[in-house]
């Protein structure tokens, strides 16, 4: 997960501009209108097709994929009387997640993870505007986080549709937090596999790489979840009139979910650090073993070689050489020295 | 202790579903009704047997073992007018412990440890609903945490029964915290045994494993106790009308108990880290000793071997070889070199 | 200091029970009654001897040594209308230090250290009940923390006696904090001695043990002082009506004293960690020296030995062997190689 | 970045004095006056040229480069009735960034980074005074941070000029934060390059230097940004009457930007520490490899050399030497020993 | 800096006593009386000479050097109606710095550093009593921190004298903070010199000592500055009526100064830890180099020596020995082995 792509915004902040990478050729716009009894689903709209959200008894959910087209985003937002700073926030994918309340709407921006992503974590900025009877969601990439929610609205008439726009926002946010959870659960699996390897065989040198990699990823996820949790805590302090009391419990549930994920991340980091400690202790242990082997062999044979060297000397007069049993006496000496050193090492628990 | 088993909840949060592992074939339901004078104990009830808790002067304690049967839980809760989010929380065993107040009842969910568990820590989610004159407790597993409380109600008429449902909840919570304490005390024993090993003989390489294992377990317990402590702190700030002032002191006692356990955990972790520091310092010390042995032996004998090698050479003219006392002069040289090096090493405190 | 001795309290919390070790055969009870003008001292009382504290102009100080006799403690407390939870707290020597205010009295429990204790830190729980005109103190062990205060009351009429019971409580608490200070000062001396050893000679391998031992002890002391400081901070927030404004400054003085001790502990821990850092760096340095010695000797003599080996070979035709000055040429080669390697090592600052 | 240049200010704080290094020969003063319709730009003013900011409908932006000339700064400030402490703060380039509100103006001082700076980070203190209809900015060095803002005022009539002086201050602050961002982004690039090197080839020993260097730089940047963030948080708490509600959102945007940068710095530091961990683990791994090579070679050949030494001895009677196939038997023994040890090492996974 | 000298205060806290070391033979007392127009300076006063501070339009500054004479301090304080606890605080040089407000005066005690001190940091406790029109300062040692302030009062009539006693207190406190700054700046110089050594040549083993020494000193300074900062923060919360609003900004300036110093200390500690990291990495690197040298030499020459050993054997029949070119073939083999191993090591980047 590479979170830092922000372009240097030394230009006028009043000039609205897209900051990020373009992932889609064309933005696509969908509108979903529903109440308890029926729903209308409109796809591939253009900006001009967007009707006003005039019926207070219906929930309007406008979803935009692709935010690189400044003109479209600006048009939509101006229709809704959205503040210029918010438009800019929507367009800047390097923003820190945040919550801001305005007179007519609440602005919420979060980072989402795509759990299907293979190797590197892929994040996406998703922004929400919550009005009295509408939610507008802006997604950076094609991947659809919300199809199952759409499916639900279509199918279960009496359930997801009974409530107002806040409940829809809750469903959307919860689905993003679920993505985090899925990712963390999948990382937990991979981490456990790596740490398992540690315990069974000797840990490869590159394992430390993987551990550090996961620590970084978890750190990044924590950086993304924490502001989300903080934003919802702001709601808890009652700063917003947009979430009525009946729905607050749902949002607090998301906060609890975030806290649970942060606990899980801390727990995984703890595990990874245990793995590292183990690795370093293993390295030290291994080194000790290697050195002991060398020391035992060298300490035994270097003196013996010296003894052999002595009787290889060519002095004219070396009395031992002419002894009848000299060679066997030599072997006796060698055996005694050898045995003595083995006993010494055994006694000192060297092997 | 494996705390993360949460299934990916990308389904509609409004659809109530059990999240966890099933430990029991059948849920079992018991009802205990008591006042100062008498008690009635009903076992193996079905949902339909559950009567209304209509007598305000009695305390009703409904206990359910096994929460995998969504239908039963839902039936019971709907009878009591419990909020759907709470039902969902009861059924989701991956929840973070929490406290939530509603108009008619207080919802409390905690993690409990089974202290009898042999090797791996086993946790269980236990949820409570505290009403005016009743407590409903939901236990995930068969193991009964509360038999001694039941026993008490049966036996001591004047003591546990004199008070209302809050006091029953206090007894139930305190008994869960006691389980934590028992577990920590038992871990302390094991930890002390491991650390004792360290001090007496040389620590085996796998000891670091055990240390890291205990650090992780303690971390998990801390993660479970901390939200419980926070929940009771919320009570302290007076957010609840369900705990009257007279009983608050009891709940604060539980908080003090939690704080004491957290202190104990920190203290144990500190000890384990001391053990690790000691292990690493021991490893380094051991290495130093091994290397010193090697160095002393090699440094003494390698030069001596060289000297022996010289007089093993076959040059036609090596004057020393023909000296009468050449061989003994050689030995003299060897002894001098040997003694010199031994003295040198002694002076430098190598052994 | 072993702080964790708590028995598993799975029994009914309403059944009052002693939790701890018994240090005394018999509890002993003393009563001290004084005002500005006179004092009465009563020793070895029985529970029945305890009179009512009816004179509002006198200060009654009831001190109990030995709290293992539940009956006695319960009798005394019931006479004073002390809450059951408090009685339980007094009897449970594993409690975390705490402050609790009741309608008629203030309950304060602290941990005290016996500074005279030789090797292992010995702690003791001391509980206080502060009423309008009385203080009751419960000490676990025989060791008397308060004799000097008693002495003072006897001697200086106009000083300690002029004030009310709060001032007596202040004296008692301050004397406990002074015990902590004495202990820390004595530990500082021992720590400085150990760290001195480090700087002068080479640190023994067991020094790390002592360092870790002191770190643990200091951690335990911090755990004991911190709740005391917190309790007095609660007083500062004005939660108590028992300490009148005139005396608050005295209690804040105790808090400042605690803060000073915590600063001192942090400072000592910092020192000990410096010592550890030094030890590990010394270990590494030592290893480097050992390895350098080995490497220098081996690197010089192994090639020389090889050269000697060559001229020890028995090839029929080795021209050098028959040279007239072959042996001396060999020595020349050896000297050149030797000198070259010494120069090389010198240049690379190996010794 | 060297932040500590403060001279010892033991002189009277009432005596105004420049504290810092002089970077410019002459201070230069520019004045920019604009409203929605027109702008006037005055360069190279002297103090006497500065007119009063009397037209409430215009925004006056007075910018001073070079603050070493105490007389000039003092003259300007006294014209505006600026408090002596503020003048002193402007002149002391070693100040911690701060915000102070006065009756007629708001004083803001920040540290700015010059992103173009090649090797060492170069910081500069920039102070602002925000009045009803004016902003005065004091820059220490020649480098102009604000040319693009001036350019904007000249060009886009309807945009930057429509608002009052607060908006100008926002633009100036945002541009300073952008400098931080540019610097951090550029450091990220360099850090990634270093860490890349780690992963591909073996990390050079000096890499640890670079890592530590970057950790220090990031720490310095954090120290500079944090007080800026804190100052704006003070605005959020509504302490100031100078920022009207309409513009507060802009300032909060700067705070969010700072938080984002702090997140980024933490994330980079995390990465660098990963790099260090990797380096140390690599070092250990490398050592293990080196030692294994040595041990394998020495363990194989030292015993073999001993065997060869034996048959190089000159005992008169060594039976093996006269065997017909003695030499070949010797080779057989060597091969067996060699193969045995290789198999042994293979089995123990030494290579 | 040795901060812990506190004697065990188990005596009656009501008995006033000097706690500390005596640095002066005789206390010396000076009185300075000034207003806008004139000043009177009185030296070497006795207690009886001290007049009452009766003129509300003048500022009285009473300074006492040497606080070991309890009688004198007590006399002075009683004249001013100072609380007994304050007298005790003045006399106890082991106090933690603190601020306490009383009805008629404000008590401020701080630790001061003597920057001229050569090797070990020397601290001194300085206490202040701020009344309506007077400041009393108590200095422990002879060294005069305040001569330059006295000088200022004498010289600049219109500046330091125009204000009331608060302004004098500000000058005195600021001068103490300046001492800290001077000390830190001087330490920075020494630290940079040590760390420079690290980068250029190989760090000596004792460098770690110096680093740890500086870390400890900085920690001690932080412990001394922090309570000073906290005290002034209390003023900021408006708890005092003694500092009027006009002067508050001056005191906040001191707080900013303290914050700046704490930032600087943190930054230096960071640097020192970088130095340590570098040292340990250098140690590891050095070890790697040493081991590589040994391994390369041993790995090359041990097998070669073995080969030479073979042809030194005395088997009756070793065919190679009788070959005509045997010796030269041997050399060929040696060269090939040697070259092979060198190539192998080169390929593996061993040197």
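A few points about this structure:
For reference, chains read A, B, C, D and E in written order, and residue numbers begin at 1 within each chain.
Criterion: a contact is a pair of C-beta atoms (placed from the backbone, for glycine too) under 8 Å apart; a residue touches a chain by one contact, two chains touch by 3 or more.
Computed from a predicted structure; not experimentally measured.
Looking at chain C and chain E, no chain is in contact with each of them. Interface of chain A with chain D: the two copies contact each other largely through different residue positions, with under half of all numbers used appearing on both sides. Averaging Cα coordinates per chain places chain B and chain E 41 Å apart. For the pair chain D and chain E, the distance between C-alpha centroids works out to 25 Å. Of all residues in chain A, those that touch two or more other chains are 284, 287, 291, 294, 298, 302, 305, 309, 312-314, 318. Taking chain A first and chain B second, the full cyclic order of the chains is A, B, C, E, D. Residues 148, 152, 156, 159-160, 171, 174-175, 178, 181-182, 184-185, 188, 199, 249-250, 252-253, 256, 259-260, 263-264, 266-267, 270-271, 274, 277-278, 280-282, 284-285, 287-288, 291-292, 294-295, 298-299, 302-303, 305-306, 309-310, 312-319, 349-350 of chain D touch chain A in their complex.
Listed in rising order, the residues of chain E touching chain C in the complex are 3-4, 6, 8-15, 83, 85, 94-96, 98, 100, 202, 205, 208-209, 212, 215-216, 219-220, 223, 227, 276, 279-280, 283-284, 286-287, 290-291, 293-294, 297-298, 301-302, 304-305, 308-309, 311-314, 318, 320-322, 324, 326-327, 330.
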